[in-house]
Structure formats: structure tokens, C-alpha cells
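One structure is given here, and the rest of the page talks about it.
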Amino acid sequence: MIQIDLKKSLQGANGAMQLDLNLEIAEGQFVTLYGPSGAGKTSTLRMIAGLMQPDSGKLSVGGAVWFDAESGTNRSVQKRGVGYVFQDYALFPHMTVLENLNFAKAKGASQTLVNQLLELMELGDLQHRKPETLSGGQKQRVALARAVVQKPEILLLDEPLSALDAGIRHKLQGYLKRIHEEFKLTTILISHDVGEIVKLSDYVYHLEAGKVIAHGKPETLFTGQSISGKFKFTGEVLKLEQEEILSVLSILIHTQVVKVVVSHEEAEKLQPGDQVLVVSKAFNPLVYKLENG
Amino acid sequence: AKKSKNQTLRLATAANMQFAMKALAADFEARTGIVSDLVISSSGKLTAQIKEGAPYDVFISADTAYPQAIYQAGYALDKPKIYAYGKLVLWSCKADKIPALSTLLTDSVQHIALANPQTAPYGSAAISVLKSSGIYEQVEAKLVYGESIAQTNQFITSGAAEMGFTALAVVKSEAQHAQGKYLILDESLYEPIAQAAVVIKRKKGNTEAARAFYTYLFSPEAQKILKDFGYSVDE
Amino acid sequence: MNWEPLLLTFKLALVTTLILFVIAIPIAYKLSRSTSRIKPVVEALVSMPLVLPPTVLGFYFLVAFSPNNAFGSWLSEWLGIKLIFSFPGLVVASLIYSLPFMVHPIQAGLSGISKSITEASYVMGKSKWETLLRVQLPQIKPALLTGVVLSFAHTVGEFGVVLMIGGNIPGKTKVASIAIYDEVEALNYDAANAYSLVLFAITFCILLIVYLVNGKYLKGFWK
Amino acid sequence: MIQIDLKKSLQGANGAMQLDLNLEIAEGQFVTLYGPSGAGKTSTLRMIAGLMQPDSGKLSVGGAVWFDAESGTNRSVQKRGVGYVFQDYALFPHMTVLENLNFAKAKGASQTLVNQLLELMELGDLQHRKPETLSGGQKQRVALARAVVQKPEILLLDEPLSALDAGIRHKLQGYLKRIHEEFKLTTILISHDVGEIVKLSDYVYHLEAGKVIAHGKPETLFTGQSISGKFKFTGEVLKLEQEEILSVLSILIHTQVVKVVVSHEEAEKLQPGDQVLVVSKAFNPLVYKLENG
Amino acid sequence: MNWEPLLLTFKLALVTTLILFVIAIPIAYKLSRSTSRIKPVVEALVSMPLVLPPTVLGFYFLVAFSPNNAFGSWLSEWLGIKLIFSFPGLVVASLIYSLPFMVHPIQAGLSGISKSITEASYVMGKSKWETLLRVQLPQIKPALLTGVVLSFAHTVGEFGVVLMIGGNIPGKTKVASIAIYDEVEALNYDAANAYSLVLFAITFCILLIVYLVNGKYLKGFWK
């Protein structure tokens, strides 16, 4: 259980801004911080990791007090043992990809995980390259692999997939979900991608100007209701066409555009750019095997 | 009245002569009204500089070799002339140490300072003294060398070396009146330390004044001052 | 030609540079992190050994280290260290004199390092010390090189301090720079030229190798 | 008209990779480069900007030759006059936000555009701050503003909105479209966001491993055949369960497991690990809007 | 106390540091960009003035600049410049001697600058020169400071080269370091201490102000 009750004054886009957080994260939960640019998401992670000193308040993790302004407790960064994917990656420029991972790995831990991660993140042939010569997405994957290889109990992810294309992004989302379940990691994610959030997280905190303005299960938070259904995807409305009786929506789901028929009434609530949840109850598809090659 | 710059004489002075030269320059000024600046440095540096046309009028060396080298290179008006002989002393600035050659052999003296015998006549004279009194081998390991007689003095006055060889002129100079004890060494133990001077050949120099100073240096008045400072002169 | 002074010179330069490297890093590190009020004072103080003429600095060392003085006698009585007219004395004097050449470049280098890279290392549980050694220093190789080269070259060429505190004792404290100086003083210009040339050539080769290795012209040597 | 015919050998994730481009971009077009991480998108922009020297080939813009390996022509970066949003922002750390913009602005150009951009990008109160203290998204907006303030004829955008939340992202997408139309800028965008691409661009080049593997108008490219109202996904068979009359397949589609009922006969052709295409003809889903806060 | 030597010292240090700053920047820039084969050679050469004892270096300058020699006479006949026993000569000698202190730190600083920031400036149409002045140099202030402080302090304290080439002429080439040296040589320790103290105090104040300004302790002064 992570209990956060922290205050910190920051310089916001509209003058001084007070970051004022009060939240609880259960052990093993996958929580997302969501909110506009400059809301204080990164600052929150930094305070949890011990990289930014709160002005006041208390932070305790699993019963242990990590920070308490009153008693002057402040556990050092090193002793907090969190994994952190920095928004700017913060790769060690003088080490190769492999050296970056090995540096993060606990002493004596086996090399297997490193190799698995290199494989999974599609970094195999890049392992002896310096970060300087990597592409943006490659750097981001190294940063993620480096945080995971630590096998931390708390994983802090600051937009860890933002520079990746849909293909590898989905693959790594799947991986994050899997390791989260497997190792019962407590994970705190920052993401702007609603689809990603809905897919991955148990709980969402919506921050704005330093305050939590809403929180809840992602589906509830983003749709306003909880939905049960067999088949469920998030997508984005691309186009709205009014036909005679009904409206036709073009919805982008992953990389495919799907047309969905809705009533005029429903269509009025939507406009291009909206994120939507597509749910089907009656679903009876055909399955074709894809040939390899 | 202060004289204009071009009348100022520049006297290139070897470091060990600086105390006597200050008195000589002052006396010379009182007599003739000619102002002089002392340029004090090691004889080696001064020689190198004069050979490259340094604006010095007279070179007052601490030995004869350097003025001779200048003369031979054609930078002197006349042959060098000996104006005085230096006397070597054994000096100590430690109250509990009476300077004597025998004390050098004791354990209470760990370091004996002398000027570099290669470049300084007082240095080679000190070596002669040690050799002719037969203790050179015993004290060789205690010897430390100053780049010049001046640095040797610093070794002694700072107490870093318990004892050392220097010029009588140094210990008799005003600055050192109160400090330490010294022993004038028997002049038969070393070759006379002959000190010579030359007038420098210069195109735009103040040759007349330079000659006047040179003449003055060998005058009875100047020779008396030199004697007072502990040099012996030809009589 | 007498090789002893040359050997002594490179021994002195090597020892001084190595020790300096070790002691300058913590100082530079502290200075680069510090936000203390007295930081500018310390920064200015580090440069002060340069301000006095070397012989004069040497003279003050001589006075300070002399057994006549409290510090000097304390050193010799309690620690049995004699710093005047001895090789250790040369090393200590060279250390103090060359300190700014090592501290300032390293400090400048350290203060340019990206904050988040350091933080990343802390997050991984690496101590400040390990982070300094394995993350920060490897990133400022050019600055380290500058410190090492300046200190080394300067120690090779320095003679004022060394002459004063060392006493020019052949085989013990007579380094090459003093030997060359002596030859110039004695108007033995040929001998001085010969010494200079050898000193120059050896140092040039050393520095060239350092730069070649650093520039990866010789691969696999320095990583 | 930008005519690109360039080759460059790069270090790919699977050994050496040859970037081999041959494309034409009409003046005033809004073109997107799309493709997986490490495909060579950033490298393409860098060659156009003159920051990376191609191994061979030719590049001409509006009739003027900017690069020609044969004749040895290589117009200097400075003379190409492009605007560039770098993937890592590349803000000048010693200048404030305002100074960053003013530095980019042509000499003598009016201050109005600078102020407009600060306003639009919601950077108003941050203008006297150094980049170091900005949040990730704030930095990205400064980078975008700085490229636009140059009023270049060609605008190169390397994932310029990836760190932004949906709100400001849509706003800036709208702005990019507007200035593109207003100033008839030729714009080349790199983006992983299909919705963004469809919304903004006239034409898309899909790169993979250094080659253009597909190109076309975004709708055609991304929707292809599926525009017919069918619902079609690729997935992986996880489990096969034989029931009495029918078999039940568990198929992983992205990160969700869907159960599909098939005949025994069909099931026999499949086994766990197979890639399959899941197609539904009768598909009548419900659409829920996801709130962006 | 005679203030002339002190004035001369700070004039020399100031002039030398300023000129050095201007000439070291292009050299450091070239070296930091260069991938030429001869780069390590040039890098090693830059440090070589440090390797010779100052007086000996001074001696070589003396010989080289002397009107007796081809170079010296060319200088004096064609350019009317006399470098020995004159203030300009001191400046030239100090420039050469202190060159490594300015070049190496700046080079180290420049080679640490992020590539994409430089590229961003080029993309904006800024020339290499403008980029150097407005983007690169402002980012390496600690390295510039190191170069300036080391050169300045070193020129204040240097006396071997200066003594040799300047000839210790009062009011013309007799700088404070030589004056102190002279007083120590004359065993006038009180006078030497007084000079040292003043020199020390003034230089310390100058450096302290530099560091205070740099550390933003005095705001708005240096931007």
C-alpha cells in the first residue's frame, strides 16, 4: 500500500501552482496518472522516487515511512528501490545498450532476463551500440528494458511508449500487463493514450493543475459507466457521415478503420477526434488462419 | 631632483653583490647626481640577456667567467677588471649551533647549504674548503644546493639547512645584522673569489655615465664601501 | 648525458598526477554540487597557489615544512616525515602547486553533466560514489584528460618550487628542469639544448600517445 | 516540388540497413512518414535538412539542387532554411523560452507571431523560464513554436505532439493544419498516431527497414479493404477447448482475450500460437464516448 | 611599497587573458571538431610550452626574438616590433606559455556539447560563428571560467619567462612576481611578505568576484 499525502509548490504555466496530492495505491495495483501537460504528473513520480523533495506531507510504502516532513524522515533515492522510466530516457551515453541494462541489473542476478528483454524489445542487434546512434523509439525501449531489468517492487513509467509505433507499442503493453501480473509489481504509469490506459490500468487518477480532479476505474472514468461485454476496443472517431435515417461513424481501432452505424442522436454527441469505446455483445466472427511468410 | 629616464643607469648586478651595490649606487648618486637602477639577477641570466642586447650599462658580476664570456662575445667595451674579492663564511641562523667545520660532521647538522658549484663561485669555493679540510666525503650526503648564493641564504635563514656557506657580504649586510652567527673561513682553503665588472657596449646607451660609474667602482671611496661589506680589494 | 634527472622528473610527474587525480576528484565533485555560501571562496582559494611566483611559494613551503616551525617539527616528530630536501617534499609541493590544474577542469566537466542521468543511477540504487565513478566520470573524459595533461606537463616543467624545497640534490631532488636550468646558467647551452630536446621529445611522445589512445586512434586500449 | 532520391546505409536493429528512398512531394503538401521504430524516418528528415549526408543520390527542392552526390553539390544546412522540430526537442538550455523563440525568429521579423505562438501553445507564463524546469510536454510545445516562428518554407516535424495530452494535441493539430493551409508550407510529419495522420496529411509514406513499402492517401492506406463495414483483426490463438458439439477458441487480440466458437472441423486446422484473422460480418457494436477529463 | 610592479602585473595578466581568450577559442573549436590525423599531434603540441622550465623557455624566446636572429630582426625591421626587454614581449611570452591553460579546458567544454543543439542552431540559418558565440560558448561557461582563471592566475604568478625576456626593468617589465622574488633574494622577507600579501589579496578578490558573479551570488551582473 502506497499512501501519498504530499504538497509541493511548483511553477505552473499560469504562475505558481500548488501540487497537492492525497491518494492511496494498493499493493500490486496498476495505476495511471492522467492529465494535461504541466499538471504535475512527472513531479508526482519524482517525489515518490525521492528525486524531488516535497514541501510537506507524508509518504509511506508498505507501512514504511519514506518521507515525513514533520519528523524529517527522508529515505534516500537509492534505498527506495524503484524502477523508473524517465520521460527523457536518461540513458547512460558512454555505455552500450547492453551495458546500460547490466548496470541496472542487481549484482549477481542472472543474465537471462537481460537477454529476454533485449529479444522482446527487439533490441537484439543493437546491444553493442551507444545510445547516441539509436532512433528515438529504440532509446525509449532501452529505457523501459533498463527499468524492468532492475526487478523493482514499484515501477514508475513516465510515458514509456509514447515514441513507439502501434505494432511494438501493443506488444509492449501486453508485456507490461504480463509482468505486472506475474511479479505483482505496483506500477504507476503516466500516459496520454486513453486506449492504453483503459487496456492496462486498474485505476486512474486524473490530475489537473496539481490536484486530483477525478479518479476511478478507467472504464468508469472515461465512459461514465461500467460496461460488460464480450468484445471491447478503444478507438478514435475519424469521420461522421449523416445518412437518411442513421449516421455512419468511421472509427479508427488500432490501425484499422471500422464503420459503425449509430442513431443521429448518438452521433450528435460525437465529433472527429473523440476517443470512444467500441463494445459488441452479439459477436460471432469467422476465423481464418494466416499463412506465415 | 629626479633625473630624466635616459640618464638613468642600469646596473646589471649579480645577486650576491646586491647589498653592496645598493650602497655604491646611493653613494655614486650623491656624488654625481646620476641615478641608477639595479637589475638583480643571476650572472648566468644577465649574461644571456646582455648577449641578446639587454639595455644594461654596466655588468657587475660575482665572478670573472661571465664578464669574460661577454667580453669575448664582443659586448663589452673593455676587458673585465677585478673590483673585489669575495670572502666565504660558514653561517648558521640557529641559536644553538656555533658555526665550525667540525660541527658539520655532527648529527645535529642534517643539511649544509651551498650555492650550485657549477654556476656560483661561492659554491665552488665551498667545495674547495670541504675538500681541502678533508671532510668532503663525510658531508657530501648533507649538501643541498641553491640555484644561487641568494637561494642558499634562504635555505639557511629559513632554518631548513642548519648551516651553510655564503658570502661575508651577505651576513654583514644591514638586513642580516641581527641574525645568526658566522665564521669567516680561512682564505687559504679556497681559490680567491675574484669578482669582475665590464661596461656594456650599447648603441643608444649612456656610455659616458656608465664609464663614470665604472671608474667610480675602482675609486678609493667605492673600494672602502666594498671593504666595509666584507670584500677584500687589491691594495 | 645524465639520465637520472629525467627519470626523477617523470617519476615526480607520474606520482604527482596520480595522487592529484585521486584527491582532486572529491574536491571537484564537492565544488560542483555545493550551493554553500563559501563555495566561491573555496573556488578562488584553489587557484591561489598559482598566484605567487614558484620560488616564493617554495620559500613559504620551506619555512612551513622546516623543523624550526611548529608544523614542520610536528610532521617530523609525530609522523616521521621530512618534507624538505626530500622526494616526498617535492611531491607535496607539486601537489599543492598543480592542484588548480586538476580541480578546475574536472569541476567544470562535472557541472555540465545532465541531471537526469545522475538521477537514473541513483534510482538504480547506486551510491553517490559508484555513480561518480561509473556514470559521471566516464562522461567527462575530455575534462579528465585536460586535468591530467595540464598537471603532468606542468609538473615536468616546474622548477621554482621544486628547486626551493628540494635543494637540487643529485639523484634525489635534482629533476630535469633544474638540470636544464643549471646548464643555461652555466652558459652550457649545448648541454641545455640536449636536455631540453630529450625532455621535450619524451613528454611529447607521452602526450601524443595519450591523445592517440583517447582519440581511439589506437583501439581497445582505453575504453 | 521536393524530389528525393537518396541512399544511406545505416545500422538497423537487425544488422546493416540500407535507407533507400525515392519519393516526390508536391509544393504545399502535407506529407507523413509512418512506420515502425528504427525504420529510417528521422534519418530521412535529417537528410532533407542537411544534417546527415546521404551516401548517394540526389535531392532537389523547387528546381534547385540541394544535394547531388555525383556533382558533389551539398547545400549547407544554413542555406536550406527549413524549420525542424527535433525528436529530442534540442532546446537551447541557456536561453529562456522567449529567447529560444527570438533566436529562431528571422532578424527584423515582428514580435507578434512570437506572442501569438506563446499564447496558442499555452506557454504564456513560462516565457521567462529556462527549458530545464519545464515539463516534457511544455518542452515539446516550445520546440514546435520555435520551428514555426522561423516561418520556413519547409517544415519538418519529428513526432511533434507525442508528449501531449489529447486536449492540447487536438488544438495544435488544428493549428498545424491551419498554418499549413495559410502559408502553403510544405510539411513533412513523422507520427505514430494514425488518427493524427488521417486528420492532417494529404499523403502518407509507410517506411519499413529503410524502404517505402506502401504509400497513398491516408484513408486508402489505413482503411484498405476493411472500409466495407466488416470487422477484422489479427490475433493469436491461445487455447483450444473441445466442447460437445463445438470447439471454443481463446484468441488474443492485442491485449484482450476473445472467445470464439468454431466447429470441430475448423478447430482441427488450428493450434495454439497460430496467427489468425478474425472477421465478423454481422457486427453491431455500441459506441461509448470516452471523456478526456 | 612600490605599486608599479603590481599595476604592471595586473595589466599583463589582463591583456594576456583577454588576447588568449580570443585566440584560444578558434583553436579549441577547431580541435574539438577536427577528426584529422594530425589532431593528436596539435593537441600534444599545445601543452608543450609547459614542459620546459620557464626560465629556459624564456631563454629560447630571448634567443628567438633577439634582433641578432633572423626572426627577431625580421620582426624589428619589418614590423618595428621589439619583443625583448619590452612589455609587448612579456605579453607574447605569457601568451605562449599560458596557451594550454586556455585551450584545453575550452576544448574539453566544447566537445561535451549536445550535437542536436548545435544542429538546431544551424537549421535556423545561424552560421558556425554565430552558433559558437551564441549557442555553444554560453553553454560551457564553467569551462570558459576555468580557462580564464587558470590563465589569469598563472600569468600573475609566472616570473621565470618574464624575468628572462623582460629583463626586470623597473616600470617596464618588473612585475610583482619579480619584485617579490627580488625581495626574497635580498632576504627582505618583510617586504616580500607585504608584496605577497597584497598580490594575494588583490588576486583573491578578483577571483572571488568572478566566482560570486558566476555563481549568481551577485545577480544581474553576468548573464
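Residue numbering begins at 1 within each chain, and the chains themselves are lettered A, B, C, D and E in the order written.
Just so it is clear, a residue touches a chain if its C-beta (ideal position, glycine included) is under 8 Å from a C-beta of that chain, and two chains touch if they have at least 3 such contacts.
Just so we're clear, the structure is a prediction, and the values are computed from it rather than from any experiment.
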item: Touching chain B and also chain D, the following chains; value: E
item: Whole-Å gap between the CA centroids of chain C and chain E; value: 19
item: Chain centre separation (chain D, chain E; CA means) in Å; value: 51
item: CA centroid of chain B to CA centroid of chain E, Å; value: 35
item: Between chain B and chain A, distance of the C-alpha-averaged centres to the nearest whole Å; value: 85
item: Residues of chain D whose C-beta touches two or more other chains; value: 88
item: Shared-contact residues (touching 2 or more other chains) in chain E; value: 55, 59, 139, 184
item: Multi-partner residues of chain B (each touching 2 or more other chains); value: 45, 48, 151, 154
item: All touching chain pairs, where touch follows the definition stated at the start; value: A-C, A-D, B-C, B-E, C-E, D-E
item: Of chain C, residues touching chain A in the complex; value: 114, 116-117, 119-127, 134-135, 138-139, 141
item: Residues of chain A defined as touching chain D within the complex; value: 11-15, 34-38, 41-43, 87-88, 122-126, 129, 133, 135-138, 140-141, 158-159, 162-170, 173-174, 177, 192, 194, 198-200, 206, 208, 213-214, 221-225, 227, 229-234, 236, 238, 249-252, 254-262, 266, 269-270, 272-290, 292
item: Contacting residues of chain E [partner chain B, same complex]; value: 55, 59, 62-63, 66-68, 84-85, 163-164, 167-170, 182, 184-189
item: Touching residues on chain B, where the partner in the complex is chain C; value: 42-45, 47-48, 66, 69, 94, 111, 113, 116, 118-119, 143-147, 151, 154-155, 158-161
item: Touching residues on chain D, where the partner in the complex is chain E; value: 49, 51, 76-84, 86, 88, 90-94, 103-104, 106, 150
